[in-house]
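Each chain carries a letter (A, B, C and D) given by its place in the written order, and its residues are counted from 1.
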């Protein structure tokens, strides 16, 4: 039975949903970063699928750039996380309320 | 000097108020009374110079403020607003004169002078924006008087008073802006002058919406039925002088504005809304009278009674004929005098016993005969006895409205019954019976300072009841002009026949002596 | 002639203001004297005016100044002295002069002596305005002024709680009637364009009967309140709390007759609407019987006389209703004299009995108070309508009028009531003056009233006896204005039978009363069978009407107003306003925790935002896609 | 037919792995599950013919990013139990599923999917990597350079942020020094 574009789209949406759940449930920031990774990957699948079914490479280009951004994002994110950890000794989400109000 | 008398009347108290800061504490009262007296003398001179046969505006002043939008500082006075201005000046003078020992008296007197400025400003302004500015400014001094010198719940009462009226007047401002925009669309020039607006004939659908907008602003100020709950709190918590000025003058702004704005600008809408507003007025009359009957605190009785009287005034205003409207204007002045006096009387007993609960008093007539007689006169005036000032107003208002609908007037007529019930039962609880509480036994009767305020008020109540002509004549001329304007401006057929064509009626002034 | 009009009108005002000056000060004898003198001067000028009118003089018309003039309405302070008003002026000033002199003696121990005269003279002044005014508005001024003074006088002894309650009840009940009157005034104004009597009466002819009926009914409602007719009658009995001179003047002679005066004054209106007249007559007859029945069993001397006044008022309204206006006016005049005499006599007895009112506790006062006994007996004879006295000429003419108009039912009721009247008035006289001195049980030693009080009462005594003589000149004076028709019963025989028949019937009633109560010895204490019978209890409690008013009008009014205040005003109207304010406050409060810095909640709000945007995208997408079909559906709905 | 089986297999495995990453309380399991998930996603890329992309995915993502996370995890001593927030699951799950449903509705609905037109049709015959290189260096040259700069910046930032006081190695310190350092940190935290 032929795999259509919709299958891939549904798959990426499910993954996106799981990523969202992860983002919202996690209190520990590191695991939250994991969830964002899932979000990004689900989007990549969608891009790849679309570019494949429409024979157009733009989708893949986007995928590349998404990966590039993800990588740099993780780098900077972890750096920040380390600095935060040094100052506060914890990377628990509750502690980050200095931007209140 | 005469053609700028209105500006002087407005800004003289304000200037005196500012100078008042320099006066030291001990002689501030004398200063206040002097300023009040000068202001009252000026207003009497205004009355003296006023030509009562002219029905239009007199002593007009025009100073461009923001010419690009047609907002200029226009003042003018006619029969309708003349006497309320004099009343405002009179009550401020009497208020300051009969001011009891209050803490930081200097601020009180200065606030009163500012209040006077705003009051006279409202009644003489003929430009919508200038009117609106004074309308809002009048809230501020009142807020301080209630908030600073009031009773236990004063903060709640003053904020409620301020926000409530302010919210209403914002809706009114929107209405004014729309009105100016329609005027601009129609004539191509911007103008906020009321007299220009009088010439603008709007289609009925616009009139309805604008009427509703203005109605909110004025209904809260009057206060009309659903919006009246701020009044008992305001009166309950305000000091005596605050209640006097609030009841005597501030309540009249709403009804005066109805006659100055709503009726002439939107004649068809007034006819359209006449019956619902009359129903509200009847509810106001009977409902608040019954609530007044259930009160335990004498000041609340008087507060609710003034809402009931305002109901009759609204009824008279929406009779949309000369008798009705001049009756309602007269009742405004009458109610101002009577309810002002009643609040002063309540103040007298409050200063002696520091309580307003009627159960605390009983058999005061034995101890304070003069107080009882003056209260009796004011009671009779408030109930609407003939030969008192209120009767003339109520009689004409009800007479006027009878032309519009018989049943509603019959219902409104219940006012004189329920009015008698709550006033008499209050009088009985306070003055009749034996003295039960021993604090009442050695109460002193009214002293000279209180009499200084009460005697003139009683004289006016009786004099204007017997011979209302000097006041009724100018009112009548100006009201005829307004009704004539409404008749010409009204577009719908129903409005044409509801509003009588005044020029058609030849005033049969020929007294019966010639008739014989 | 205008000079006398002004004296008659303003003398009472001057006396009232003069005595008002001394209200706060203790008793001053001269205040009473000066007041009485001024009222006497008003009486003299009224007498001169009467003379002027009697010998065919023109009615004097005077207009002082404009009162109200707006738009089409023009009300002057106008006064007219014509046949009707001069008679009323005579009655009012005569009775009030006598009452003023009487009360100098009656009130001499009272602390509020000066205040009493101030109120009494103010009452006379407002009564004069009521009577002399030439327009309905002036009449209304007098109407309310009289109500105010009766409030002041009933509640004169304001330390007594019942008195002030009675005063308030009287005032409020009068106000209810005044509302009807006010509506009548408006009707007159809007239909005839003026409130002046001549203008209004001239215009009445052109009006259709429907409006005329409405005007007649509303004016009669006003009259009903003031003259205490059926539904609004309970205040009269309670008004006896006031001092006796007050009851004599106000609740016997002058104020209660104001209603009759109104009907007589607007006779041209009521003659145009005979069916309303018939209603008035039947109501009058009913009230006559109703009041007389209540007087039969009452145990309070002043209330018995009050009910007899109510009954006689019923007679007057019956006469006026039937169109016999001059008869009503004549009966009004005669009644004023002997009823005032009766009341003042009762005042003497009350003083002697140290304010004891129950006739059963008196008895045998004939020996001690001889003159008062004579006066009260003659007054009662006049009241009963025995031949030589005034009552016969006025009351029997009413019976003749009813008979001539062929209203047999009314005639029968009035005849029966005449018998009842005779019975209860002589029951009273017998109990007080004859029989055993029951007052000794209570240790009271009565004394005759002051000499000058008795002298003051003597004119009334003479008038009660000879008033009948005036019937002929009175008729001839009033004929031209009141369109008085001479009631000729076709044959003299029936006339004689009727007259003699009533005399016998009334005589029998008197004898029966004497027989039953002449030798009364014990003081009934409610144990006897008769006192527990249903009828006795019904009549004694005035048919339970006051109880019904209290239970079904006054109490619910209190409860409703209490509910209105606590529930409606505070809970609904006020709460709704605070509710709006509260709503804004709580809305602000909730949104505040969006910025609480708690990242996870913020994330949730972010996702919620995403969802909202997505759903909007879906909705608008769908809308764009299917816009054609959607418009078709919406227009179908007539949006 | 073979392709369908592969797709469903990989789909099921990816969803399972990511589900574990999201719900597990053990950080280690989460990391390893995430890495496995990444591999399966590269599997998808290969199914879809985007070979170069699949390779990049494995190298960059699974290799570099996962390695970074491993270091991060060790550094933040999150090896122990990770306490989850108690908040009611209903909102979280509810919101997520709702958004998923909406996204599906948008794509599945016939509205948008019909009018997507291909902008750069791939040249048939040429290998995927070749065509990717061709497009990347003609059309997307500027974004490519910008991406390069971005990565550079990220690298520098990473070093600067994490590099401070890296010379201090906890393992070499003895106990008191650690307490003293902890006290110092707490003092700073409380200030």
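The rule is short, and it goes like this: a contact is a pair of C-beta atoms (placed from the backbone, for glycine too) under 8 Å apart; a residue touches a chain by one contact, two chains touch by 3 or more.
Here the structure is a predicted model, which is why all the values come from computation and not from measurement.
Participant: Determine which of the two chain pairs, C-D or A-D, is joined by the larger number of C-beta pairs in contact.
Facilitator: A-D
Participant: Quick one: most central chain, C-alpha centroids?
Facilitator: Of the chains present, the most centrally placed is B.
Participant: Could you please state the distance in Å, as a whole number, between where the Cα atoms of chain C are centred and where those of chain D are centred?
Facilitator: 100
Participant: Between chain A and chain B, what distance separates the C-alpha centroids? Give it in angstrom.
Facilitator: Chain centroid spacing, chain A to chain B, equals 70 Å.
Participant: Using mean CA coordinates as chain centres, what's the chain A-chain D distance in Å?
Facilitator: Each chain reduced to its C-alpha mean, chain A and chain D end up 6 Å apart.
Participant: Rounded to the nearest whole Å, what is the centre-to-centre distance of chain B and chain D, using the mean of the C-alpha atoms as each centre?
Facilitator: The answer is 75 Å.
Participant: Hunt down the residues of chain B that sit against at least two other chains at once, touch-wise.
Facilitator: Within chain B, no residue touches at least two other chains.
Participant: Using the touch definition from the top, which residues of chain D touch two or more other chains?
Facilitator: 85, 87, 92, 95-96, 99, 103
Participant: If you look at chain A, which of its residues touch at least two other chains?
Facilitator: Touching at least two other chains: 20, 24, 27, 93.
Participant: Show me, using the given definition of touch, all chain pairs that touch one another.
Facilitator: Final set of chain pairs in contact is A-C, A-D, B-C, C-D.
Participant: Could you please specify the touching residues of chain C with respect to chain A in the complex?
Facilitator: Counting only chain C, the residues touching chain A are 595-600, 603-604, 607.
Participant: Going by the contact rule set out above, which residues of chain D touch chain C in the complex?
Facilitator: So the residues of chain D touching chain C come out as 85, 87, 91-92, 95-96, 98-99, 102-103, 105-106, 109, 111-112.
Participant: Taking the complex as given, what residues does chain B use to touch chain C?
Facilitator: 160, 163-164, 226-230, 232, 287, 290-291, 293-295, 321-323, 326-327, 363, 365-366, 369-370, 373, 380, 383, 385-387, 391-392, 395-396, 398-399, 402-403, 406, 409-410, 413-414, 416-417, 420-421, 424-425, 428, 431-434, 466-469, 472-473, 475-476, 479-480, 500, 502, 505, 507-509, 511-513, 516
Participant: Which of the residues in chain C come into contact with chain B in the complex?
Facilitator: Touch residues, chain C against chain B: 23-24, 61, 63, 65-74, 76, 78, 134, 137, 140-141, 143-145, 148, 151, 155, 158-159, 161, 164-165, 168, 171-172, 175-176, 178-179, 182-183, 185-187, 189-190, 193-194, 196, 198, 557-558, 560-562, 564-566, 568-569, 573-574, 577, 581.
Participant: How about chain D: which of its residues touch chain A in the complex?
Facilitator: 3-4, 7, 11, 14-15, 18-19, 21-23, 27, 30-31, 34, 37-38, 41, 44-45, 48-50, 52-53, 56-57, 60-61, 64-65, 68-69, 71-73, 75-76, 78, 82-85, 87, 89, 92-93, 95-97, 99-100, 103-104, 107-108, 113, 116, 118-122, 131-132, 135-136, 139-140, 143, 147, 150-151, 153-155, 157-162, 164-165, 182, 185-186, 188-189
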